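Next come two complexes, and both contain subunit A; in the first it sits with subunit B, in the second with subunit C.
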Partner chain A sequence: MATLELQHLTKKFGDFTAVDDMNLSVAEGEMIALLGGSGCGKTTTLRMIAGFTEPFSGTILVDGKDVRSIPPYRRNVGIFFQNYALFPHMTVFENVAFGLKLQKLPKAEIRERVENMLSLVKLVGLDRRYPRELSGGQQQRVALARAMVTRPTILLLDEPLSNLDAKLRVEMQVEIKRIQKELGITTIIVTHDHEEAVSLADRVIVMNAGRVQQIGTPQEIFDRPVSPFVADFMGFSTFLHGVAGPEENGLLPVKCGSHTLHVRTDGGADIAPGDACVLTIRSENIALAKEPGDNVVSGQVRTSTYKGHTTRLEVTGCFDETVYPALSEYTEHKEGETVQLYFPPERICVYKDEKKMEDQ
Partner chain B sequence: MRDGHVNWLCRLVAVLVMLFLVAPLVVIVLASFTPTALVTFPPQGFSLKWYANIFTSSTHFMDGLVKSLEIGILATLLDVLLGVTAALSICRYDFRGKNALLNYFTSPMYVPSVAFAFVLLQLYSQLGGVPGMLRIFIGHFIIILPYVVRNTVSVLHVFNWTLEDAATSLGANPVQVFFKITIPLAKPGILAGALLAFLYSFDEVALSSLLSTPRFITLPIRIMNYMELTFDPTLAAISTLLMVASLVLIILMERLVGLDMFMK
Partner chain C sequence: MERKKQALLLALPASLALLLFFIFPMIYILIRTLAENGTADFTAFFTDPFYLDILWTTLRVSLISTAVSLLLGYPTAYYMARTPSRLKQAMVIVILFPFLVSAVVRSYGWMVILGTNGLLNQFLMGLGLISEPLKILNTETAVIIGMIHLLIPYMILSLVGVLQSIDPNVEYAAYSLGASPMTTFTRVIFPLSTPGIISGCVLVFTMSMTSYVTPKLLGGSKFRMMATMVVQEINVSFDWGAAAAISYILLAVILAVQVVVVLTTGKYMKRMGGGKNA
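Here is the complex of A and B:
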């Protein structure tokens, strides 16, 4: 259990900057998710914290002390590897006991701690099996037990759930969160799955091309992404381009194609009249409207996909861009049918269109 | 038995092939027990006198055996040290020309040993005074290296290097990682390579016959020399013993490596 602080952390591989001036402060017992696509620098960050890779510049502080000069085997950082990295020539017990044996603890204590940990991850009775005799979910729990049994100051989880099927994934999310809270280990989890990040972490960091895009609570990131990039990564699929008008009563009118959508900004958006901007809204927040009104636009259904708890539509004709509402009630919509869609002003996120500004 | 005919034919062929492989060996083994002065089959009577003859000093077989073992064991041990280190650095690190380096280490396999012996012979005669053991040792040391390198590389090629990171993160220093993770997991390849290398050295004729000095002669050369002068059942007897020894080694390797392979 410890605090972790990254200051101006930078990693370069030749001309390529993998991690660019990263700053982060993690509180004791906090669980942070590093979220980003492949090559965004999240795994490199993890490897620097673990000590497998040296930073180009910047500092890594654990409990306020710079750990850059400490070799990886003395950092006491527990790591869960994406492919589990269980030792194939050792039993479950030996795998979990490996770190404790290196600490030269008495045999009785090792046995006790390994058994406690195995019961925590619900693997009692499997201690004599070899990794290859276990299912994927069991192997994963062995890896988790092995990473935590040494009571690391910091726990790093690299894509812990990516190899599991959907059902096991949800189960393990609950499990990891439970164990992490129970032991109170400061944890960083790396993932490319925004749902995983949001459901596991206390705070989420969205990274792109080595740079931090946004740091915030899951709600903040999920509802108020700071840029179209983050929005796209968090599963927003409807993006509209338009031109802003003058703000009135906390509502910003944006002219998209032939329609004007009002966005509730309450003076918070740094957008001047005439600025090109991008609007985005979560599919679930677009609703069907019975009659015309403010922020109601009609369009034609192109496709309709039943998704179980939602029906996802592809609607064209309202704007230049396609709109993707996800309706919670099950209603059948035929191809070519005209629907009226309501865009709640407080649910729309608005950004300055950086690309257009550069083009001008 | 739906395919009775096919089955019957398959079995017959299988049995014939096995007979073809085993028959000469059986003849040798049986002939080694003959009391007659020439190799005869079927043997007339039973005697162990040709076995006893192996151990008489006039054949020099025991002397040859000791020298073969000396060379084989020493060369294999040193080659394991060198070959495993070479294989590790080739497999672990990414650098230009690593394939070229691997081919370089395994090139002795492709050079005819007679040509190789010729070069060494030239070298020795120019240097002069190279002792007999060293002459053969250097030759064997080089020609068996590829077996160790190749077999170790074949295991390390599919080695999961993350395991080393995992051990490191659990507190293992580089030496501990090497002996607790890397070596145990590479062991099947190293042992297989070492055994093949040793057997090659133990069996080697071409190089040894050209490089040996009158005072340092390995077992295969002793046997060859003996064969040139006498053709009695002593040869059958020593062949039988060598076969038994090989069999024991192979079983030993199965136990050691086979089990390990199974554990992976």
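Here is the complex of A and C:
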């Protein structure tokens, strides 16, 4: 149980800045997800917290105390490695018991805690196996058990569920969250899967190129990403470019191609009339419309993919860009068919088009 | 099956050469010795303290050379294994460099350094640390020094390969679980590197047991090891029977040591399997 605070944390490798002025404050028992593509600095951040690598500058505070001078083996930070990093010469039991033995606990207690942990990760009966005799998913769970059994003050999980099959992944998500809440371990989980981040964490941090893009609750990040980059990362797939008009009654008209979409901003968007902007909307939030109206645009179906609980369409002809609605009802649409799509104003996110400025 | 046959065919030329120029002569020597003198040459070896002393000297020099090579080589190998690839390549070249110079030349090099008026004595006397020159050349110490210099590259290269295959994250995992660098070494790195330690030690031990040039040139005329004794029996005493017996005893001792090593560590090595997790 501890609080964790990162202040202006920066890491450089030569000229390359892996983590750039990162600030974060994690409450006791909170679970934070670090979300970002490969090379965005999430793993480097974990390694600095664990003490494996020195920050270039900045401070790491655990319970308000600077831990920079504390070696990794005295930090009591549990870490799960993406490649598991199990001890290949030790059995499952020995792997999990390693940290407890170093704490010089009585044998009976070690046995009890290891067995409890193994049953928690559903590895009962495999305690005498060696890592190479286990499947990837089993090894992953051994690594999880090993990281959690010592009840670290801070738990760092680097892509803990990436190699599990879909069913086991959901099960383990529930388990990790349950164990984490039960033991109240302050946890940072690194992932590139936005659904995993949203379903596990109390707060999500989206990183790109070493910089924090957004910190917020899963819902904030899922529904209101602060930039097109975050939106793209959170699974938004329809992006439209347009020019803003004057806001009226909390609705901002944006002219995209030959159509105008109204976006509910309620004065919250910092966009002046005439500004170039980017609109984005989640595929699930685009609906079929029966008749023309405000924010209803028609286009032609190019492809239609049945996805089980949704049908995903690729629609062109509405705007310059392609639109990707995901319709929840089972509907059959042939290629070339004309559909009318409704874009709910309160579901559209609008941003100033920074890219146009950056490109110059 | 087809592949197995092909592989056998590929191994054939080397196997034939070995059989013809190594195995047959070895058997021939044994048969001739036994036919001429019976087991007399062998019993003579084991009853004569002179010969037993030579065997003991050979074992002692080899064990010390192996142990010192391991102790000196391990940190170097570990450093190399954890170094970025370009610097590591440079280090491998530096380590292989002595192989370009023959053992004879290297031994003469050590003679220049270790002799009574050699560089080492001149240096130490110049500093006033000693008043009389140290007698190093023509002693066992000189042989061991030369041997380590000759054989340490084999040790380092055996160790680097294994240490490199240990995932650095495994070390970090040990730290995160509260293991100090010392504990991490004894509980994780060292056990995981045993395959390299064993192959390096067997290699260095075997090569020093059978070495001839180094003890001959650096040990002086009164210093004898098994290989130098074989040559002495042939060239000086003209006792081919004794030479054959010494060769066979040397071979048997080396094989015995290797069998013991394999038996005591085999179970452990098997357990380690591929070394890395899948």
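As a convention for this text, the second predicted complex is superposed on the first by the 356 of 360 C-alpha atoms of A that agree within 3 Å, B and C clash if a C-alpha of one lies under 4 Å from a C-alpha of the other, contacts with A are read in each partner's own complex, and residues count from 1 in each chain.
By definition in this document, a contact is a pair of C-beta atoms (placed from the backbone, for glycine too) under 8 Å apart; a residue touches a chain by one contact, two chains touch by 3 or more.
Source: prediction; values computed, not measured.
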(message) Based on the shared subunit A superposition, would you classify subunit B and subunit C as clashing or fitting together?
(response) clash
(request) For A:77, decide between first (touching subunit B), second (touching subunit C), both and neither. (result) both
(message) A:194 in the overlay: touching subunit B, subunit C, both, or neither? Say first, second, both or neither.
(response) neither
(message) With both complexes superposed on chain A, which partner does A:102 reach: first (subunit B), second (subunit C), both or neither?
(response) both
(message) Under the stated touch criterion, which partner chain does A:88 make contact with: subunit B (first), subunit C (second), both, or neither?
(response) both
(request) Answer with first, second, both or neither: which of subunit B and subunit C does A:150 touch in the superposed model? (result) both
(request) Could you say whether A:139 touches subunit B, subunit C, both of them, or neither, answering first, second, both or neither? (result) second
(message) Between subunit B and subunit C, whom does A:347 touch in the aligned arrangement: first, second, both, or neither?
(response) neither
(request) Across the two complexes, find the residues of subunit A that touch subunit B and also touch subunit C. (result) 50, 52, 71-79, 81, 83, 85-89, 98-99, 102-103, 130, 132, 146-147, 150
(request) Would you pull the subunit C residues touching subunit A in the complex into a rising list? (result) 167, 169-170, 172-181, 183-184, 187-188, 191-192, 271-278
(request) Sort out for me which residues of subunit B touch subunit A in the complex. (result) 160, 162-163, 165-174, 176, 180-181, 184-185, 260, 263-264
(request) Could you please specify the touching residues of subunit A with respect to subunit B in the complex? (result) 50, 52, 71-79, 81, 83, 85-89, 98-99, 102-103, 130, 132, 146-147, 150
(request) Show which residues of subunit A lie in contact with subunit C when the two form their complex. (result) 47, 50-52, 71-79, 81, 83-89, 98-99, 102-103, 130-132, 136, 139, 146-147, 150, 152
